[in-house]
């Protein structure tokens, strides 16, 4: 019996996950069978078109009708609709896969994590931080866990985009605090924080973030309403943020994201220095990892596409590069495998979980709080 | 009525094309509907497994039963089985999509091109040079056609792999002249020659290749038989080749490919210099194009992932990079659209055609002939 | 009459400036004539050797005998001997060229700047921030001043070295707060702060730094004494620092430096994003500047070695790259030209002046103060 | 007693060598003392100016008066004046340092090498291929000699410039066969051939070049005379060449140079693949070497500026990059040390010698001969 999946959201993320579900059988034959059962949205026409294109059997306009009716619930809607449906699903015992950031507020994220805790271990609640599933990132993780970089000293995360560099770029829900929570911080910073927690957050590496100093800026404070005749709306979120971090075991870090960095489309860069080595990664060249190991004289540029690299044997021969979307196939494979393993003795937990989503949110909230106070703050 | 597709070959290329066919509906909704009808091979067990995994309705062990029964025939087998089934299909009026190089010998390629000519314009015969369908390459083509590089003076093509650098890497059909025709020259050089013809081969740019000087080398002349106890077989093809080219309108070129270039997995690099500018491309960073235009001081590194870049609007927002396999989706979209346009007044020809496959083969044959004679030779 | 130059310090910086002085006549024929008159130091043997090698006419062990006897005084000693001799020279009306950072403490720097003010405009007091004199940096400055990047939004400065990554690297005066003032912050951060002030500090760009948040860390808190048998001394300065900046006109910035960044030798990187464009520079590739201008799709990598690039016509044809030491020739040329222009009507002021040195020091002091308080602080 | 040096030529190369001689005492204290005695040229005014600027004691307009009067003779004039004065100097027992290529014709080079042979081992005759003296190249040589790359299979050399890309760039002696011998081939190709001979030419690596296939092209066949009113002169040399090489021990190579490669100023690139590893070098980033060793997954980018890198301890600390001109200091140091070692038992031979200059010339001549014949040719 294939798992029946209900999906809320049919735009960018809806397409990315539908594609991932569609590709699993050919490339991950041991993934659980899945049926794209029902697509949930409000605009019936757009929804019906999307369902056809994305291969769903049915549509629904009320998520409440769906969450306890399906085997798995995907919450891919805007940030402000993450909490309620996800919690309802978990209360119904339905595993939930929710897009990041977990919620626009820390309270929302805490409620979601509590619901996941209540639902129990055999009801996976995953937060879809897809960049954990880039093969080069998984390979970096292996190197770090094996101690190849030694004691972690510096981490650096930077996510640069340019789609708001033009002051006339139109207003969207992503510019609104009510709907989005925050701007570059929540949208881009959430990815960076999760990736750094994944890579160096374990107790034998840097541990968790303990204290932060944050800085948020809105460079363009109103934007035109698309299609209107000169109407504008206020931008109530940050265009860019920066932060300094102090980690549990002494490492220091700097973070940054911007939607107004001319010349950068989707440049998510991670750099880590340890007492024995260093590494660098950029999402715009996601098949590559640069590694400096003890005894090396410089960085080695590694194309992480070999047969024994994480996930790569499922795809193509060495040197045949993967794209952004493959990260969704990998995360769906892992999440659905966790769902299918259910309450069995061989239950596979899925990470990043709602706890991970909450942990990232705590860092983001602390960055905002620090920016308000003009001082370093600890995590709540 | 969906087009029924019969596919010969179920390994690397079979998977690449099956995946492309499976992805068309979601991303290219105006592509003709397609049914993966029958998969052709010799080993029934492997074939049956592959058919399940790749989503085919049926299998067949004799291509002769298939070629006039389907709407389209894909020939994805080894080089030495390209000619006969393709010609039979064309004689039956069935459009054919054949992997490159067109045939192991010039005679084979000529027979195939003749069959395509006889079948007529409304029976497309395509040669699957997928690298024409990289968005960055299509964008380069637009720049070249718009005259941005001026008069073409230098072209440089290089395809470096390392899978035979180890003398103990096992023998395969790709090392055998009977089965493969040639080695690096036919396998890798065919791609380079086609890409350069595509980019600068038009009459208002460099025109066709007129004369060549070739050099072929086999560095390791026997290789172990996999699974055997010390048995070896002779390598009867080149491990590497180089060539110099003289084009019709005066440009000069150098070509190279190797299977023993340590440190390179799938490094297909194209460089072009004109009187007004230059460009560079590498397959290992296939989302990028480096362009130097008149008035520039250096090369601009362009991420070719914007909405108005070729094919990109079908996929993801700017900066969300594509992979190697997307080239197959694009070429299948174009080929099947040509098939569907049939004998109509709006018939869309498909390129690269068998004529293009033959033209590339002529260059390869001249390179081998030049190597034999130790002299520059003209194309036959 | 050549200018008689007295130089305090004969190690790294002594050699760098002596070389610069020696090279001026051949490459900058309009530079004032200069005599390397007297070299000042304490260890007579080492001093005498150095004077021979560096081409000085005489030596002295007490700077007090020198400062009013020469036409120009170069203070190239360790940080804690910057203030007293420099002030004495200025009081004697002798122009002073002092290595960076101006002093180990803000008080010291203030006293030095006050002495320079008292000495008057025709007694140049220069602070030797040599990286302003990299041709690519001067070219970047021209672009910025011409408004090519628009309104400045982000600046990023990072100076990574690895010479203390090994916990057994020996103790030196650079690890001592008394002698050095601070560690990575004063040594490396001073360069970064000055370079950013130079590039974007003018009133029609970002303006001055207004507020900072700082973070200092010492990873290895004692180090072996060279040549001793297991003796160690405490490290009382930072191995690394980071900072966030808020500029007068709204730009935000992040700074960082480290002496424990494995894999980086002398990697001073500057990145600037404005509303119209961006640029990047790294000292390890100091002949290059990466520029993204309005309308560009990516960064253009420019080799700043053309005849009309700053200072380049004095050297070699395009593409014949310069090295690190050329920055010293350029700054000496500018400083000595300012000295020679004296009290004339055509007096050429020299920048970076002691005022600039003080301004940089104010930022560094604020970073330390912020780190102490755990809060953003304004500049004093 | 310092060595008295007479120098023929006071333009680009005159300046480069005069600078090198001037810098030796400070950085290479064990170099022999040298006096810039006499500068030789035809235009008395220009010569006198140059002698002042470059630090020569005297001038002369006839080299014949100089060659047996000095301790060392530097021949830095245009190619067609290399042979006669060099031979005269050697016949007088005066060591000669001659710019590359050795002569415009093979006959000239042979006569020069014969004169060097006749003069004997204690009269060094050096050919100034300065790129051998880049620290990164010397480091590459060490790796190759240590067998780190294994058996050599591919070499690739490419020298791209753009100063003739504009058809209106003025005519100069470098465009004339009589004066220059050849164009890009002799000027740029000579460097490439020498560098490859240096790196892989030893008998336990690739050995010498055995056979070549060449291709020369002139894209712009006349150019304006500078300062004239529309007058032009014919270009009688190549704007670009390419070649294929077969080495003694089986390696294959490709060479290329161009003066019309838009976007490249001085891009001399060397790439070598062996059975165990690979390396890459580009003159525009001359402080770097990219190395792929057995067991590595990619290329390591090495900044060759450490204390134990060749020549680097004479200059600055790690990471403080050198420039193009430093290669001249290194080669002058080696050449003059060979001269000073004279007929002693500790005589140090200097390489590249006239024999090396002749060997390079033989390859260039074979490339031209091959181009004429349209066939591979052996070396004479």
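Residue numbering begins at 1 within each chain, and the chains themselves are lettered A, B, C and D in the order written.
The rule is simple: contacts are C-beta pairs under 8 Å (C-beta built on N, C-alpha and C of every residue); 3 or more make two chains touch, one makes a residue touch a chain.
For reference, the UniProt names are A, B, C, D = Gfo/Idh/MocA family oxidoreductase.
It should be emphasised that the depicted structure is a prediction, and the values quoted were computed from it without experimental measurement.
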**Least hop count linking chain A to chain D through chains in contact** = 1
**Asked** Using C-alpha centroids, which chain lies at the maximum separation from chain C?
**Response** B
**Intercentroid distance (Cα basis), chain C paired with chain B, Å** = 55
**Complete:** So, in whole Å, the Cα centroid of chain C is separated from that of chain D by 36
**Asked** How far is the middle of chain A from the middle of chain C, if each middle is the mean of its Cα atoms, in Å?
**Response** 42
**Asked** Got the chain C residues that touch at least 2 other chains?
**Response** 264, 296, 298-299, 303, 306
**Message:** Going by the contact rule set out above, which residues of chain D touch chain B in the complex?
**Reply:** 149, 153-154, 156, 160, 165, 167, 213, 215, 217, 219, 240, 242-244, 246, 250, 252, 254, 256, 258, 260-264, 273-278, 292, 294, 296, 298-299, 373-376
**Complete:** Note: in the complex, chain B contacts chain A through residues 12, 15-16, 18-19, 22-23, 25-27, 29, 53-55, 161, 163, 264-267, 283-287, 303, 305-306, 315-326
**Request:** Flag every residue of chain D that touches chain A in the complex, lowest number first.
**Result:** 296-303, 306
